[in-house]
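As structure tokens, the structure follows; a few thoughts come after it.
For reference, chains read A, B, C and D in written order, and residue numbers begin at 1 within each chain.
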Amino acid sequence: MLNEISFYLLAALTVACAVAAMALRRLVHCALCAAAAFAGLALIYLQLDAEFVGFAQLLVYVGAIAILIVFAVLLTRGEEAAPGGRQSSPSWISGVGIAVLLLAGLLLPILASPSLQHGAPPAPVPSVKRIGEELMTRYVLPLEMVGVLLTAALLGAVVIALREPSDGNLPGNSPAQQRAKTGEAMNL
Amino acid sequence: MPHLILFLWLVPSLPLLAAGWGALLKRQRRRLAAGLAIGAMALSWLLSCAAFFSTLRVRILRQSCNFTWFDLAHTTVQLGWMLDPLTAIMLMMVTFLALVIFIYSLGYMARDQNFTRFFCFMSLFGAGMLGLVIANSLLLLFICWELVGLSSYLLIGFWYEKPAAAAAAKKAFITTRIGDIALLLGMLWLYSRSGTLLFYNHGQGCLEQASLDRLVAGATMGGMALSTAISLLIFAGAVGKSGQVPLHVWLPDAMEGPTPVSALIHAATMVAAGVFLVARMYPLISAGPHPAALQVVTWVGAVTAVFAAAIAMAQNDIKRIIAYSTISQLGYMMMGLGVGGVAVGMFHLITHAFFKSLLFLGAGSVIHGCHGEQDIRKMGGLKQLMPWTFATYAAGMMALCGVPLFFSGFWSKDAILGAARDWPFSSAPFYLGVAGAFLTAFYMTRQVCWVFFGKPAEAQGAQAPAHESPAVMTIPLAILAVFAVLAGFLGTPAWPWFDSYLNGANARFTFAALFARPQLLLLLLSTLVVGIAFALGWRVYSRVAWQSPREADPLEKSLPPLFWLLQNKFFIDELYAATVIRLNTAFSLCADWLDRVVWAGAVRAVSGLTRALAQINRALDESGINAGFDLGCQGLRDTGSILSWMQNGRIQRYLRVLGLAICLGLLALIWGSA
Amino acid sequence: MNALDQIFVSTLHRLAGFAPASARPLVSMLLIIAGLMALFGTCFALATILERKTLGRMQNRYGPNRVGPFGLFQPIADGVKMLIKEDIVPFSADQALHFLAPLVLTVPVWLAFAVLPFGRNMSAIELDSGILFFFAIGSASELAVFMAGWSSQNKYSLLGAMRAIAQMISYEVPLVLASVPALIAAGSLSLPAIVQAQSGFALGWVPRWNVFTPWGLAGFALFLIAATAESNRCPFDLPEGESELIAGYLTEYSGFKYALFFLGEYLGLFAVTGLAVTLFLGGWQAPAPWLQWLPTWGWFALKFSALIFLFIWARATLPRLRLDQLLHFAWKFLVPLALINLVVAVAWCKSGLWQFPAALEIRWLLGAGVLAASYVGLGRSWKGGYPERRQYNYAQ
Amino acid sequence: MMNPPLSHYLLLSALLFSIGFAGAVARRGAILVLIGIELMLNAANLNFIAFWRFGANPQALTGVMFVLFSIAIAAAEVAVGLALVIAIYRQRKTTRLDAMDSLKG
């Protein structure tokens, strides 16, 4: 019983946070709600006895990605101050409509197919050693590839986001002036 | 020197080289042009002498050297040159005469601007004539024949500014052309039948017995023997070139050219080419049991002799008289060939060449002296003013008329009359020959009286009095006069060297032959005829010569219609004009009409058609294809813009579409499977 | 001996016995939570006063000695002060975030204690990947700091938060890398297993603690440095450097929220020291065979308080680092050294099979030599660690 | 201890997926779209873990492995994505997606 209650609770929490992340007006709140949703998901993983994945999810998403998103929000704060900018694109209703259609499309098979209704088998013996062996034997190549990918992404992100010398030393680049400039840019 | 034959081709080549080089010279290089021409001719003359002496000593009758001009797939066309007594004699005569006349023309043409061009054409003519003489193939002979025709055209029309000279050159060229066509036809026919055009080719040549028998055997549609038909055609060529009766009209007009030209070409060599051709082709013409062609030659020769002599009596231009006398003498040669064979004809040709060129050069110096005056009625009394010219001219005149014993004309004409008398077929040629001799003597005395005797006419008074020609002209006259006398002794009945030389035998001196009955009778008859003619002529014309001003010609007074007929040359020119030329113009008009109306019309129609087609094509292309294509492009562009509306760069639009697609896919999958 | 050692465990079971069987696990869990919170709450209080007293002593002055004997009741006084102080919230602040920030900071830290083995089978939850849980929870604190900094809508607080986050992220990497050698030696991620791996004595009297191995010593040093930076303490307490940024992201906080922040900070410190003890100082293992009579949790407590004293001592003596020096030090000195240490540790474990005599000494010499060389090399040649002097031209 | 049936997990993931999709599609902010995509990614991970847990052969750990690698790659993806957004913002001074349509047809 504990499992079911906790699952439904966590599910509700996660869905709520997700909806909030998508619906809130202020970006920072959205980012934090998203982080909460990710944490909720991590707990669901734990509830599914996938311990290592849960903690990894927690460490990566809540620890790193949330911070990244928040920093991105900070660095592009000119957006916030723009007066009267509507947050959602004009034709957001059609977007949500399609999303609902998509949901229906996904739900139908899940509910219809009988094979998915069965309960959970006995909890597998969780062991990090198994995961370690698996990683180091069958998945050693993907592991190396992911390592390379991460370094590349790291360098790429730094290079892209690095302030180019051209716009770096422009006099008008201090945050205050930047906000003023965005003001002008907006109504151009 | 048996291998001299190898160098015989140099004889025509040197003058040809001189002509070529002369042609490139500038007009001012007079000395070089003259030197070239004379030098080349002198070298050729030396080579000819060497050849002549070699034929004398070496008893080989004939040497020939052939080479392949070009070879077609299955046949080869061969040319070649040969050396036999006939060629040697002609080489000697042509080169010697050309040399003398070149020297003479140095003086005669001195004041002419186109001096270099004159000598270039003269050496070109020399090359052609010499090539014709040594040719061992009818084709090479024909080529040189044409070259000679060309040079005669160029030389007759030398002073082309004068319209008369240009017309005369054209007339000469066209009439000889008519003869040449016949020669060409004969040549082709001969080639097709005998397989080769080489005369003597170790038994294979067309004039050798093997092919002759074939030709004689062959028959043509008229029932005539093939050899007779071919030889008639070839004789037609000779008639054209030597100015025999039907085609003689061009020779008198050819006097428009400078006198040395007339002397060399229209007296000695070129006109003699026709006779030489008949002599060369004699085996063919006389082939067969009773050669009809030979009789034709004889009759044509006889008729021409009397006909031309008659006309000569009524002419007033000094050169025209000599021209008609040349025609009649050529008639004599043809008759000689016809009745007496090659030796008789050729002997008269050689002697005639010397005294006729002498007469022409004499006339030239008279004209030169009288500052270009040619009408004999305006001349007179030049005996005192031009003594050298008178003396040499008189020698030439006596040789021509056949004054007995010392003058060459007598012996050669006598040989012909003798042969004519013995001619089995008919004795008419003999009587015509005698009449011709009488007429020749008569018009020559007329001319001499008018020109040299009597008081100097007022014409000379007008300009400076006539003066003797310079040495460079009189010396050649003297040389020729000597030869005119000596040449006769080669072929006298007593010592028939010429006849034996040609036949390759050895001449024996038998004085008694002179007094053999028929010979003696003949000699007396001819001297009698000449004597009567001189007396008649002196009586009629000497009186007139001394009057001044001279009235009309006594002959005209006594027989006006005959004189009028003779003066107008029996209206043959007018006859031709009326018939042949009219036909020709009719043909050209018809061709012109055909060309302008029919063909031009057709072309114009075709061009119109194509233009119309082009118009239709353009219209079709313009409206149909272009418009259609533009329409297509426009449609493409429109659909493109519609599609581009879809691609508006907004990422979310793409995501939506993607999502929609996934849903539809899922739904299809579910419904499809369920 | 065993009875004293397991006293807590036995009392727990006894108490849990009262609850119905079905709820027993829940009740025992609640009891453990209560016990831990009580223990570490008092530790927090003691720590504040001890810190101030030792700082004073070190600066040749008494610490707070007015309230209670030797100032021992000072924390109670502080606590009461914090409670009754007015809780001022700036007008333009983001109310919700402002309120949530202290919560999000302290709750994860409490969770961290669930994993630490305080004594023989005295850890709240024995997780297979215990240490991964610990670091996962540790990483949540950055988010909280951000929320605090951002919600007070104040330039200084935002700058302070940025600095704090940069520092904490930079030092999380060397922290994790320093702890990895211990895992390799133990061969498992669960903390009791690690402590178990450090039991026993080499050469009769030297305990097999990780710290007595070359890589262990270097790892322990790295771990401590990273730990102080992680918890924003003294040499690295730039974010709330009183002189420049007033209190950094804490400026807009007052009253109980401010107290909560301090509680979170100290709990973070305790958690990290607990981990340091388990990883390198052999957890609850006795230092010598003849000393094993003392209860295991006692040893843990002793080592724990020694480290705490070390931190306080560091705070009293070391000057504050500049931010770029700080980051420089982390990325260009600690991380490379940690990686080299990892290599040495692996070599050490692999070379364990050498049988010939003096194998231990040789391995020691090799390990120490490599580490010393790399320490000197990194430190001096490649300008890691000593950034070039910055020119300040004030007149501009 | 009864676990809820597998279908419930799938329902949750579907729901999360569509919420993420709605956000990605509806919202104008670039960063929010990124967050939406992250959500969709997590929904997919949830599916994997659910199927691993309810799957016939939990020992195989393929699901877990897949999720681990997916998380790593998602981190890289977010890092680069946000770098791009920041670069675009610095140059265009806006993060609204409607403004970034220069690649239109």
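Here are a few things to note about the model shown:
The working rule: a contact is a pair of C-beta atoms (placed from the backbone, for glycine too) under 8 Å apart; a residue touches a chain by one contact, two chains touch by 3 or more.
Worth saying up front: this structure is predicted, and the values here are computed from it rather than measured.
In terms of C-beta pairs in contact, A-D outnumbers the other of A-C and A-D. Per-chain Cα centroids separate chain B from chain C by 138 Å.
Chain centres here are Cα means. That of chain A falls 29 Å from that of chain C.
Taking each chain's centre as the mean of its C-alpha atoms, chain A lies 6 Å from chain D. Between the Cα centres of chain A and chain B there is a gap of 119 Å. In chain D, the residues that touch at least two other chains are 21, 25-26, 97-98. Each of residues 52, 56, 64, 89, 95, 98-99, 102, 106 in chain A touches at least two other chains. Under the stated contact rule, the graph of chain-to-chain touches falls outside the line, ring, star and complete shapes.
By the definition of touch given earlier, these chain pairs are in contact: A-B, A-C, A-D, B-D. Residues 650, 652, 656, 659-660, 662-663, 666-667, 670, 674 of chain B are the ones that touch chain A when the two sit in their complex. Residues 1-12, 14-23, 25-29, 31-32, 34-36, 38-39, 42, 45-46, 49-50, 52-54, 58-59, 61, 64-65, 67-69, 71-80, 82-87, 89-98 of chain D are the ones that touch chain A when the two sit in their complex. Residues of chain A that touch chain D in their complex: 1-4, 7-8, 11, 14-15, 18-19, 21-23, 27, 30-31, 34, 37-38, 41, 44-45, 48-50, 52-53, 56-57, 60-61, 64-65, 68-69, 71-73, 75-76, 78-79, 82, 85-89, 92, 95-96, 98-100, 102-103, 106-107, 110-111, 116-121, 124, 130-131, 134-135, 138-139, 142, 146, 149-150, 152-154, 156-158, 160-161, 163-164, 167, 178, 181-182, 185-186.
Chain A makes touch with chain B in their complex at residues 89, 94-95, 98-99, 101-102, 104-106, 108-109, 112. On chain B, the positions that touch chain D within their shared complex are 643-644, 646-652, 655-656, 659.
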